[in-house]
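Next up: the structures, one after another.
Below, chain A partners chain B and then partners chain C, in two separate complexes.
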Partner chain A sequence: MSEIVAETIASKELADDSISSKKTKQDIPLSKRVSGWDYAWIAAFLAPFLILYVSFTIYPLVATVWYSFHEWNGSGALDEFIGLQNYIDIAQDSSFWLSFNNTIVFAVVNTAIKLPLSLLAAIILTQRWMWFKRIWRTVFFAPLVIPVALAGLVFDFLLNSRGALNDVLTTWGILERPIDFLGTPDTALITIILISVWQIFGQYMIYWMAALQNVPESLYEAASIDGANEWDKLWQVTLPVIRPVATIILFLSFVNALKVFGLVAATTEGGPGQSTYVVSYFIYNQAFRDMPFRYGYASAAAVLFGVTVLIAITLQGYFVRRAQH
Partner chain B sequence: MKRLSIIFALVALLAISLAPVIAQEEVTLRIMSYSAEQQEFYDAAVQEFTAETGINVVWETLSRDAYEETLPRMFDDGSAPDIFFWLGANRVLTVSELIDAGWIQPLDASVLPDDWMSRWDDGIFVEGINIIDGDIYSFPFNDNKIWGAGYMYINNLVWADAGLGEDDIPATWSDLTSVCETVRESGPYCVAIPLEGTHFQRTWYPLAGVNYTDNFFDYQLGRYNMDDLRHLETFEYIQSLYADDLVIPGVNGRDETRAAMAFGEAAIYFGGAWMPSVFANTYEFTDVTAAPAPTPDDGLSGALAQTNSENKYFISSTSEHATEATQFIEWMTRPDGYFAQNFLELGFGTLAYADNGAYITDPVMLQVVDIAMNQRPNMRVQYPEPAIECPAVASSQAFVNAENIRRNWEWEEMVLALTTGADFEPIAQEIAAAKNEEFLATIEAEGISPDCFAFPDWDLTTNFDPAMYSMGD
Partner chain C sequence: MKNSASRLFKPGRYFGVNIAILIVLLIIGFFWIYPFLWVVFSSLKTQRDMFTSGAQLIPETWEWGNYVRAWTEANFSTYFLNTVIYASAATAIEVVKSSMCGYVLARYRFPGRNLIYGVILATLFIPIASIIIPQFNLIRSLGLLNTRFGVILALSGGAGALYVLLFTSFFETIPEELFDSAKIDGANFFQQFWLVVPLARPIIATVVIFQFMSTWNEFNIPLVFTLSRPELRNLAVGMYAFQGEFSVDWTGFAAGTSMSIIPVLLVFFLFQGYFVRGLQGAVKQ
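What follows is the complex of A and B.
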């Protein structure tokens, strides 16, 4: 069976190669393809995007790097240049590294739980025999439209030591004493991770469903003729074919999880102690919350963290290319 | 008729075109603060001011969190109000901080009466604190004797349901534990303590302030003091309340714990002088008794810090109406004026420039005043101000650098120890050692003597006598 499937995949790749081997527009130099007024039109159509991109992406990015070399509280003149001092201080700041560590743990565990679960749900919801598909999709997708602050509030009430979950667990004798899931250092971070998974699960399920729907039906038919069962089809057809998309989904999930902020702000404010401190919350506290504001210092933390995200994105490109081959 | 219509149309056009010019001449002051529950009062107050002076005023309020996030952004984009309310990181040196930030400008002294400063007690206006280079930048708003942390509030209904009466109000920590056990046996928890963020301070200040000081810096010895045995003793006592299941469990926010007390889930909440107003206006709850915080079993051995820290209203540097803003401040600070009378009558707090006893009518607020003025007059004592001892301290970064080792370090670690039951002493020693090291290194680099921060002849429980300043002697 696997030979037939492999042949089918190989013939598809061959067809793709033959298409790409034809001479495309990209092979003709720009100066020969475009002339005169075309340049004006290109500039006119690109201008709105470029203006927005420079204003809202490039400028803030450059400004953040510039601020990071200053002792600055976010207001007044930016006149106290201190070079790399903020970076040196950050490197020695245990709170930053703790928050960095928590953020990585959050992103890894969140991704490790979220992706397999959402893939499983997507596989089940793309089966022909599944009933009420639309209802299920809506059910799984609904948490995504709930604002993070509201989700935080709801779970705060649900999971605190006097909340509904503790009521049930203590009434049934599962717990002797209630546990404040968000207020206990050992459980707070994993609780936030699970709330985050609950909220974002539907979005990744949709990604997986889109990937699954792109697997050619002919591959499944060929596999069936070859006597493959559903499990074989999953391992031998579905997963290999969606591997490039899966890599993108994996990195998207990881990079998005690195940016966790709202749930922490809405549920634990980084506590108890610093057990749920994450980088975004650290930056927010330094820049906007704890007086006196340290905008320059927060900018340095943001730049350092941005480099981490950039590395993750670069790795994504590398792994996607590898998966495609 | 046709000609008349044309003339009428021209006059109308002229009136319309001139209207903005005329309107531009009218000044509208914008004031911003938090305490949204007081909005109705502010609206009435500004109407009164407008009726008297013809100057329009709009007073906007936000919730505290929203306000503290919004105001700095308003300074960034140039939309700051003319007058704003602000609590600085270092409450005594807020004016210096805000001048450094470029947020404020001085009051226009030309429209202030000559005796304006006499509305406050002597010694309130101090160069380096609210006067810089001879210009007045702010004024103490709330009084600093009554106003502040340090009170114990009891839900009378929960108290009565537990079979407790007025005579059972705990005077000592042992009494508190004992009545708490009684309350707990009747069902509700005894104490509601907020642990989220830095809100643990609401319970810490009253209990630390009766044993030693509410400060994490000892101004007698000139050092950070988290490792002091008296602080550790206070912490252990609070930890024992948790261990005995007498406190609402979990990490709860400020509003959750206030609501828990107001709605009968707990009997006691420790809070500031503002709580009668908060209970009444936010929770419509008035069946409450205010009492002094229980002392250690061997009696009162500490005091809360009374500092020149109530400079809270400022004229923003971006305001083009400093004169009108100063007029408003002058009107607002009239000891027998509309603002003072109604602010006090409505129980919103106490004022530094008015006779608080004369206008307060709220019975719980009157109890608060009685506690601070009569029952426990040394509950809050006047603290020395290092910036007066050594003017260079006003620009020192020593406290800032020590705090920057880790913001909110004490609070975070105390909360952690309360939620885990861990021994706090080792971390307390680590905090004190790290902060003292950074503090001493900074002042050494700045050329400031450690003696500027130490007042060994003062005992922390009595008012600091200004004669004790050596002023470089």
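What follows is the complex of A and C.
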């Protein structure tokens, strides 16, 4: 949830970099300079965050990498160092690669459906003349407040062959016989993708709303003086202005979608067969479910997946930037 | 909201557009919240009615007893109290620590600042799946396993990188002159901070809503950290356990779900204005 508004961040950081590289000590304004007791205050202000952050984020990340070089069941002494053996095994584990594929498909399709639709919703729900905006925003936001595990249970109920959706579809004659949407290999993954879009939609709608409010109204006025209609304004004013933020929203959406877990755990548990087996579920199975527990192996899977995706994204970012220049 | 086309239409023209959009939204909106309605109405049905009524929402008879059962027999009152404690405490800690850290990062240039900023930023984008075992081991070695404090610590420990960045970018927009004149007036470090905190209200509201919502719904941490003390569970975990302990009391389950989601929705409905404004400040470049 908390990977929220990194919009800020990337755009910010770029700006920061370009400034700070040129900055020498003399350029730092008086009020930003640090002296004497300030150091103690600064340390005191940083301490609460840093202590918790190092303990609960940095240390666990490092520990995961360390575990991945061990044969370890998650408890007991961590003393069986096996070097890269876990990674060699993972590379030959076909169910890991299957889950890898499923996760990528999930993230790509999910993002491709979610982002344009949530942008559209955000545009409509920020128009001044719209009625009942607060109510509609709350409606689209609502699925976000259902814990994901419960959303899974609800959809299990609604989508099984005797559930509400099949009830409607067969009554209206759209389907001849009911489909168990989550229990059929061909439909399970796409069903989970759609449920996940439904669930997270409101969050991205809010990102877009925040992004849209930075488009100066004067640009729209100028455009309409030039005779632009709503469609032109979308393509020639809105989208170009929000593009930098949009890139970050896209990126966040993709990275977050890669972490899909709760929904799979609560609905299909990776099945039927392995049609919805995703990486985080693979890790969970290895570490906590299949005996004997292989926490070292699971950690290696986590690290391998993380690193692969990070490289892919970085390369993609590099080529996109090159193409733009 | 300030956006766009509004001024370009003549007032009379909104009416038709509004009606058209309204009809579309009513249809989409109905399907969108159907799962909610289904849960809420199921919480008022009898067990048999719930399974046999298909897509039908309205119960045959209204069973308010489901709520009583969920609240008393299934310990929802305890879970509810726990959830309120976890969510409030974690949110308070989050606001305090991330505002202080963000303030310092924005205000001062000191050795190590860029490193701290860079690491916080980088961890935000690491697509790694699960780090709960090291967290678990840490809490266990602190002797805080199966305590409320342990849960709160874990809930507020992991999150927050993004919040720091929100605060940093906000505090950077505050003009230097404000601090300079405060300094001349003899304000110390803390007083200067206290002076600008009220200005950050939109960011605080954003952090409160995001953090409150996510801790309210948090499942993994309370599950793993309270395994041997069921009375410390929050609503999400308690509801999950509901299936096991009772011969799957689905209608009671639906009642419990309804109780846990309605407060959060209410918070959003009331504070959404702040929410968007907080983010908006943050995305300004």
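FYI, the second predicted complex is superposed on the first by the 275 of 325 C-alpha atoms of A that agree within 3 Å, B and C clash if a C-alpha of one lies under 4 Å from a C-alpha of the other, contacts with A are read in each partner's own complex, and residues count from 1 in each chain.
Rule of thumb we're sticking to: contacts are C-beta pairs under 8 Å (C-beta built on N, C-alpha and C of every residue); 3 or more make two chains touch, one makes a residue touch a chain.
Just so it is clear, the structure is predicted and the values come from calculations on it, not from any experiment.
Visitor: Once the shared chain is lined up, is A:Ser95 touching chain B (first), chain C (second), both, or neither of them?
Guide: A:Ser95 sits against chain B, while chain C stays out of touch.
Visitor: Counting only touches as set out at the top, which of chain B and chain C does A:Ala77 meet: first, second, both, neither?
Guide: A:Ala77: touches chain B, not chain C.
Visitor: After the superposition on A, what does A:Asp180 contact: first (chain B), second (chain C), both or neither?
Guide: So A:Asp180 only meets chain B here.
Visitor: Once chain A of both complexes is superposed, is A:Thr268 in touch with chain B (first), chain C (second), both, or neither?
Guide: Only chain B is touched by A:Thr268; chain C is not.
Visitor: For A:Val168, is the partner it touches chain B (first), chain C (second), both, or none of the two (neither)?
Guide: Second partner only.
Visitor: For the three-chain arrangement built by superposition, which of chain B and chain C touches the greater number of chain A residues?
Guide: C
Visitor: Touching A:Pro292, do we find chain B (first), chain C (second), both, or neither?
Guide: A:Pro292 contacts chain B only, not chain C.
Visitor: Output check: A:Asn160 vs chain B and chain C. Expected answer is one of first, second, both, neither. What do you get?
Guide: A:Asn160 contacts chain B only, not chain C.
Visitor: In the superposed arrangement, does A:Leu150 touch chain B (first), chain C (second), both or neither?
Guide: So A:Leu150 only meets chain C here.
Visitor: Take the contacts of chain A with chain B and those with chain C, and give the residues found in both.
Guide: Touching chain B in the first complex and chain C in the second, residues 74, 162 of chain A appear in both lists.
Visitor: What part of chain A is in contact with chain B in the complex they form?
Guide: 73-77, 93-95, 160-162, 178, 180, 182-185, 268-269, 271-275, 285-286, 288-294
Visitor: Going by the contact rule set out above, which residues of chain A touch chain C in the complex?
Guide: Against chain C, chain A makes touches at 1-9, 11-13, 15-16, 20, 28-34, 37-39, 41-42, 45-46, 48-50, 52-53, 55-61, 63-64, 67, 74, 123-124, 126-134, 136-151, 154-155, 157-158, 162-165, 167-168, 198, 206-207, 209-215, 217, 220-221, 224, 230, 233, 238, 244-245, 251, 255, 258-259, 261-262, 279-280, 283-284, 287, 295, 298, 302-303, 305-306, 309-310.
Visitor: Of all residues in chain C, which touch chain A in the complex?
Guide: So the residues of chain C touching chain A come out as 1-9, 14, 17-18, 21-22, 25, 29, 32-36, 38-39, 54-55, 93, 96-98, 100-101, 103-104, 107-110, 114, 116-117, 119-121, 123-135, 137-138, 153-154, 156-166, 168-169, 176, 179-180, 183, 189-190, 193, 206, 210-211, 213-214, 216-217, 219, 236, 239-240, 257, 260-261, 264-265, 268-269, 272, 275-276, 279-280, 282-285.
Visitor: Considering only the defined contacts, which chain B positions touch chain A in the complex?
Guide: Touch residues, chain B against chain A: 68-69, 72, 75-76, 88-89, 97, 100-103, 195-197, 248-252, 265, 400, 404, 406-408, 412-413, 415-416, 419-420.
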